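Should a chain be cited, it is by its letter among A, B, C and D, assigned in written order, with residues numbered from 1 in that chain.
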Amino acid sequence: MKLFRFLALVLIASSVFAQSKKSSPNKDAVIKSVEVHQQELIKISDAIWGYAETALQEHKSSKELADYAEKQGFKVTRGVAQMPTAFIAEFGSGKPIIGIMGEYDALPGISQKAQPTKEALHTGGGGHGCGHNLFGAGSLGAAVAIKELIQQGKLKGTIRFYGTPAEEAVGGKIYMARDGLFNDVDVCLDWHPDIETTALTQSSQAMVDFIVEFKGKAAHAAADPWNGRSAVDGMELFLDGVNMLREHVKPSVRMHYAIKAGGDVPNVVPEYAKVWMWVRDSKRDGVEAVFSRVKDIAKGAALMAGIESTITIQTGDYELLVNRTGATALQKNLEKLGPIIYTPEEISFAKKIQEASGGEQVGLNGAIQPLKETEKDPSGGSTDVGDISWIVPEITLVATTAPENTAWHGWSVVACAGMSIGHKGMLFASKALAMTMVDLFENEQLRKDVRAEFEKKRNGHVYKAYIPDGPPPVPTN
Amino acid sequence: MKLFRFLALVLIASSVFAQSKKSSPNKDAVIKSVEVHQQELIKISDAIWGYAETALQEHKSSKELADYAEKQGFKVTRGVAQMPTAFIAEFGSGKPIIGIMGEYDALPGISQKAQPTKEALHTGGGGHGCGHNLFGAGSLGAAVAIKELIQQGKLKGTIRFYGTPAEEAVGGKIYMARDGLFNDVDVCLDWHPDIETTALTQSSQAMVDFIVEFKGKAAHAAADPWNGRSAVDGMELFLDGVNMLREHVKPSVRMHYAIKAGGDVPNVVPEYAKVWMWVRDSKRDGVEAVFSRVKDIAKGAALMAGIESTITIQTGDYELLVNRTGATALQKNLEKLGPIIYTPEEISFAKKIQEASGGEQVGLNGAIQPLKETEKDPSGGSTDVGDISWIVPEITLVATTAPENTAWHGWSVVACAGMSIGHKGMLFASKALAMTMVDLFENEQLRKDVRAEFEKKRNGHVYKAYIPDGPPPVPTN
Amino acid sequence: MKLFRFLALVLIASSVFAQSKKSSPNKDAVIKSVEVHQQELIKISDAIWGYAETALQEHKSSKELADYAEKQGFKVTRGVAQMPTAFIAEFGSGKPIIGIMGEYDALPGISQKAQPTKEALHTGGGGHGCGHNLFGAGSLGAAVAIKELIQQGKLKGTIRFYGTPAEEAVGGKIYMARDGLFNDVDVCLDWHPDIETTALTQSSQAMVDFIVEFKGKAAHAAADPWNGRSAVDGMELFLDGVNMLREHVKPSVRMHYAIKAGGDVPNVVPEYAKVWMWVRDSKRDGVEAVFSRVKDIAKGAALMAGIESTITIQTGDYELLVNRTGATALQKNLEKLGPIIYTPEEISFAKKIQEASGGEQVGLNGAIQPLKETEKDPSGGSTDVGDISWIVPEITLVATTAPENTAWHGWSVVACAGMSIGHKGMLFASKALAMTMVDLFENEQLRKDVRAEFEKKRNGHVYKAYIPDGPPPVPTN
Amino acid sequence: MKLFRFLALVLIASSVFAQSKKSSPNKDAVIKSVEVHQQELIKISDAIWGYAETALQEHKSSKELADYAEKQGFKVTRGVAQMPTAFIAEFGSGKPIIGIMGEYDALPGISQKAQPTKEALHTGGGGHGCGHNLFGAGSLGAAVAIKELIQQGKLKGTIRFYGTPAEEAVGGKIYMARDGLFNDVDVCLDWHPDIETTALTQSSQAMVDFIVEFKGKAAHAAADPWNGRSAVDGMELFLDGVNMLREHVKPSVRMHYAIKAGGDVPNVVPEYAKVWMWVRDSKRDGVEAVFSRVKDIAKGAALMAGIESTITIQTGDYELLVNRTGATALQKNLEKLGPIIYTPEEISFAKKIQEASGGEQVGLNGAIQPLKETEKDPSGGSTDVGDISWIVPEITLVATTAPENTAWHGWSVVACAGMSIGHKGMLFASKALAMTMVDLFENEQLRKDVRAEFEKKRNGHVYKAYIPDGPPPVPTN
């Protein structure tokens, strides 16, 4: 997840719901299955944590998960959607087809040991600052539990695990979506490491990621600057224009950029400049409207500086279509499972992190948060799960794997993702997702209701990925 | 003159030239004539000084001069070139036709008494901060002197006085030039009040004066600014672009502007903005090249802000084509006349002004400055005499009417223009210009040489005024 | 009101509430009283509509209301808070003291006849485009009704009418608040013309209104621009800085400005520049935080341009502290009164306006809108009623006086404010406010509950006006 | 030399001077000496051309020259001024001490074969696009010739060769000057490859080279940009300020920059930004005045963006103090030597280059250009020879080593520097510099006159290098 989404959420203490205590044999079975495979799942997660491979470099991480799925009897297809580290593991046949996604890419430069004080495991190396090692293994654990029930004839249909790389960069799911790999799925699930535990009912921002380049004409900056056309002038004017546009976009819009090239040496009028920019809004329409203005701004800036400009779309996320029907089903299972309970050592670990981060030392929040109202606008952040949610109804869990009051995408999240705090969140997620999949396999009406809400919200829109044809560029960190 | 051109000139003390002391009866006659009419000329000058009428409002001033010319026997045509305050006074017939120009417009807001300390004559009123009251009367005095010689049969041809209004604003000469009023002239002369005395050998800057307007769409700035398109945003971007362009123009270019409209109230996204701007360079070609860039900048800025822009040319001056042959002839007459001599009271008056202005108290400089080399680039400033110099060879005198070390276009220049310091400069100019006209009437070879230099420098260029058809807009001060 | 606040409100059709039909003799009496005085109130309103006097110029309008109050037996104090057009009209004695406010200033430049097509009554004159002619008369009508009950001994305490000028400009209420004129009031009421009818439950934005001035050093822009320090450069940099700040303020913030001075003529480096600016946010704390950044931006811009800057606060509004207890009491009375019913002629009048405005021709909305949830952030707009709401619990009604789908602060609002559509809204407001005051006089517990909510929300904050000592500057339109 | 200085120079065909044909045995001897050592000098030059080592990496190049000097009997001190590639080679003793400088650093990225069409010798490698391979060897050849005369007792005093590295980057001479290595020299000489041949009489620009860094506070650009303080905002404002300053600096000033850091990824408010900038003017005072404004602009921009800024001076050149007395002495020797004569093959080589460069095919200009007037302002460009010229009188030759109408610092200059066209210029320079050194050793009055002009122009100024203590940073190309 590309943001600290949760920071803005109201953290209300878990309320006690009247819980349905009615027993369900299949649910009991999946809980049992996760417990049986527990050590294997932790081992996989820890291995991926140790590899800490960044986007599209997740060769060992991807193999770890795919090999395990294969060993468990899944039919595995590797290298899908032109990405060597993307794969699909499937079991069973026929309808319904329930999908579940797992991520496993790390973030560059935040290598960290599994300890409550900052210290790199491999200096300069990557780290799982978004907990994707847990994400992949946890989802696969849920898929395995369902597979066993299908194998035993207790559920009918297909379970399909999606190994989705590069969430932190190009958005691997978008390439898989573009290539139609989700088209036949009935319902899809995923989860994400977090600082609290609940069924997600908030959307995420739609986003477009693009490059603006300016090409001018070099000249000696002291001898004949009047013969030069500065690409950097054009870029500065473009940025001025973007900053003025801020007054004239809705409050839900976010625009941000980094200057990636702005001249080599002072004494040459620079002929090349480059900006990397994102535009986000609550809905894709809003993004398109602003992006259209940004295109004009680039053209206008180039005209002003007497140079050329080009805009190249790199990728783009859709906003998440929240499925409250699905979320409500998931939430019931969370409440059945009850809160995640921590040992005094784990709480102390969390408090040390909070101390080191200068945050209030409140420990860990394992309580199940009540289902929240869906806000009109999401807080700032985007995810490629959004794209999937426009093809198939999507149900998302967030589960605690780290304490609050410390920076997400930082060393402390890496630390927790490599020890028991993270493991507990992962196993909880495995169980909760598997239970919800039991509901979806068993309950046709639930599938219909989930689909009906999806169709109503999608409102006939036909998904089209932002990305062009061909494989994604491999990022260089 | 729209500048403190002289401030940048090297002030070398007058050297003593070997002067031709050969007597010329006609030159003696014109000197005598100016002395005979001296009190009348001073009276006219003082009257115009008192009227202090600004551009295109010079009704009384223009009448003062035209009536005197008529009384002296000139054939006067009033209201030429669609300007009620422009006129031509002519005497004689046939070739050669020698022209001489006089200005008489004041500057707004600098009313001042004829005293060495700052005090308005009429609070808020105009003042002759560029000494044009002297300019008009001085030139007319020279024309009268020549007229007498033609009348007496001592010179053959036509003397023509041009009453040229609005130099400080739209440039009356440009309208007269556009309408062909200078086309049949052989040589034209003018002079300008200054802080030193010499034949002018420096050019002035070519210039274009234009308005840039931006039109957007209003919206409530708090309730729905996203529905507005800010004209002020476009203007700010335009100005950013202009300021970036400065790196990429030659050092001789000058660009400057004033913001004339930028929104009424904060709580409305402004739908209108307006900039008044000038671009100058040493030559018209340079101005055109930069102006072309500025047009693109306005278009680009409008595109960036999602609005419309328009550029309207108001007027434009050509650079002055220096005629060194003519200047050399004039310079000889200056040297014949010798320096302007001041009384102790006048010197004290000047020093008080310098004291009040915080400048060094060096008094007045009545010495004849030697002819200077023509610099590659003029110092900053423009004049509508430049336009005339592309139609007919132009000879320009500058004569001391105020002390140095005080701001031109300021109260102190007004003060001196209304008392004996100014009068002395004016009478000196009358004599010097009349003497040079005697040379031009008597000496066909001189006329040919002056014309030859002119043709060589003009190099086939056909003059075309910047201004559109129709009369000038009357400025509102 | 300085905004189209209502445009962003959800316009839900009036639902039918189970209305308490229990009779209340005092409520019946005030309804009757308004009906008795109906023609007088309309006459006053129409007179003020005709005067159309703008802020602090409302001499005749203010007199119209004050004279009527005096005639009705109120004790009138004119010229309070150093404003000749502010007054207080009081009747009764002792506690409780219930206040009610009335405005009467017009907007410049939107003179309009009482007809459904655009045509000025007095070309260039002002107009009641915010319906304040109705506001003043309507509130006074309610006060008169209460006065009669006190006079008859049916209610005990004091009724106090506040004649509050200049809402559209400096904010007259702020001056009255600063001078302590509201300190002893128990509850205060007001209403505002609108396109719908309901008890207001939305806040308004806190705001600060200030001037930023830049002072540099003039120089000739062509001859020696290097000796100048451009005030306009400083202003442009300031605005660049403000536009960059937009990325780093919360989405609820609004910043907007108008350039009021930016140079006189192009050929002088400008020594003076001036921006008029507003900063708004949902709460005063937010405004203060942003304003503090803006002050640094002005200082930094001045340092960059080598000039001086000064910031002068003109005025500032507090956000409105919504009192839901009071609003609920008011809402009950609205529902008792039932919807405003229009004649076919009135509906046709409204539709013609909507046609002329290019809006959907839906006619008038006289239905009582249900009480709305209070949004976290108000939509964009501010009012000086906000200041009063921090001194005393404030209850605000909005009542339909104009159709939707046409611009507020425009000719069509003026038109309706001068004929029966406006009159109906005004009389409805008189009745509803008087009924609610009956509740407040009769029901001590209601007063206590209203006060309790107020104290809780105010949370110990001591009101301090933004404005300095002394009388307000009289605006020049 | 960091510029195309010569492009702006008027290229007047060589006029024929009345040349003194009086024989001078020592001058004949030095000419002979250069001819004797000719093949060695060419070999050294070609070796350095092949190494093409960039600034402070010139280990082999420096060794090539130092070893040869040592072999010729000079006392060599290597690694002076904390630079391993700087050295001094000295011969003789006592006064006068005549210095001569040689450079040998190449430019990165312009590797080229010695052929008239563009083709890299080593792809991506450096190249002698400023002809410094010729510069070092040519100067050393002159020093060797003088050494032989001292050795033979025909001249008395000391000859000292300065091996000065890194002219194209940090300016090695500035470090040597800072460390006092030129303090005891009577007169110093140097030359530079060029497109024409003359004694240099034009100054170069004073310059300061500095880094501006901005440090803000990171935040998630979508989730809470209001908690970030963007370093890039500060940088953009700084650049806006610099671009506005352009209007208010003299036409001789040049300011130019490259953006070296401007954010890593769009979704983080950038906490770091960096600009590399140069300010130049005709005189150091002018540079200081502008630099002082730039410092304020950086401070103001940081204040506006709520961040920190720091400015770090990297280096700075003084303007060259032209010594016309010395130049006149040099010019006489040039005229004695007469023009450089080219073969038809060399002319054809030059024309092919001009064809490939799109320039007029005028061939080579080997004529001796007449001594030019010293312009008020140099054309744009700077050199660290400027620093030396403030410590000791400096005489500079420019000699043709490449054709005109092609870009300096480009492949064509590399090509010529590696074949006979370059060699001819180098040998001509050796002879001319040696002859002028003969004059300086033999003629005490000449030394006095040269010194007198120097002292008059230096006017008591005590040289202080821009650079801090310690060795220079080694550039990474």
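Quick note on the criterion: a residue touches a chain if its C-beta (ideal position, glycine included) is under 8 Å from a C-beta of that chain, and two chains touch if they have at least 3 such contacts.
The shown structure was predicted, so the numbers you read here are calculated from the model rather than taken from an experiment.
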Quiz item: Same or different: at the chain A/chain B interface, is the fraction of residue numbers used by both copies above or below half?
Solution: same
Exercise. Just grab the chain with the largest centre-to-centre distance to chain B, centres being mean Cα coordinates.
Key: A
Quiz prompt | Computed distance of Cα centres, chain D from chain B, in Å | solution = 47
Quiz item: Where the centres are mean C-alpha positions, what is the separation of chain C from chain D, in Å?
Solution: 71
Quiz item: Hey, how far is the Cα centre of chain B from the one of chain C, in Å?
Solution: 55
Practice problem: Provide the list of chain B residues touching at least two other chains, using ranges where the numbers run on. | Solution: 225, 236, 240, 243-244, 247, 256, 269
Quiz prompt | Sites on chain C touched by chain B in the complex | solution = 2-5, 7-8, 205, 209, 220-225, 232, 236, 239-240, 243, 254, 256-267, 269-270, 273, 276-278, 280, 379-382
Quiz prompt | List of chain B residues in touch with chain A within their complex | solution = 225-226, 228-230, 233, 236-237, 240-241, 244, 247-250, 269, 293, 296-297, 299-306
Practice problem: Sort out for me which residues of chain C touch chain A in the complex. | Solution: 240, 243-244, 246-247, 251-252, 255-256
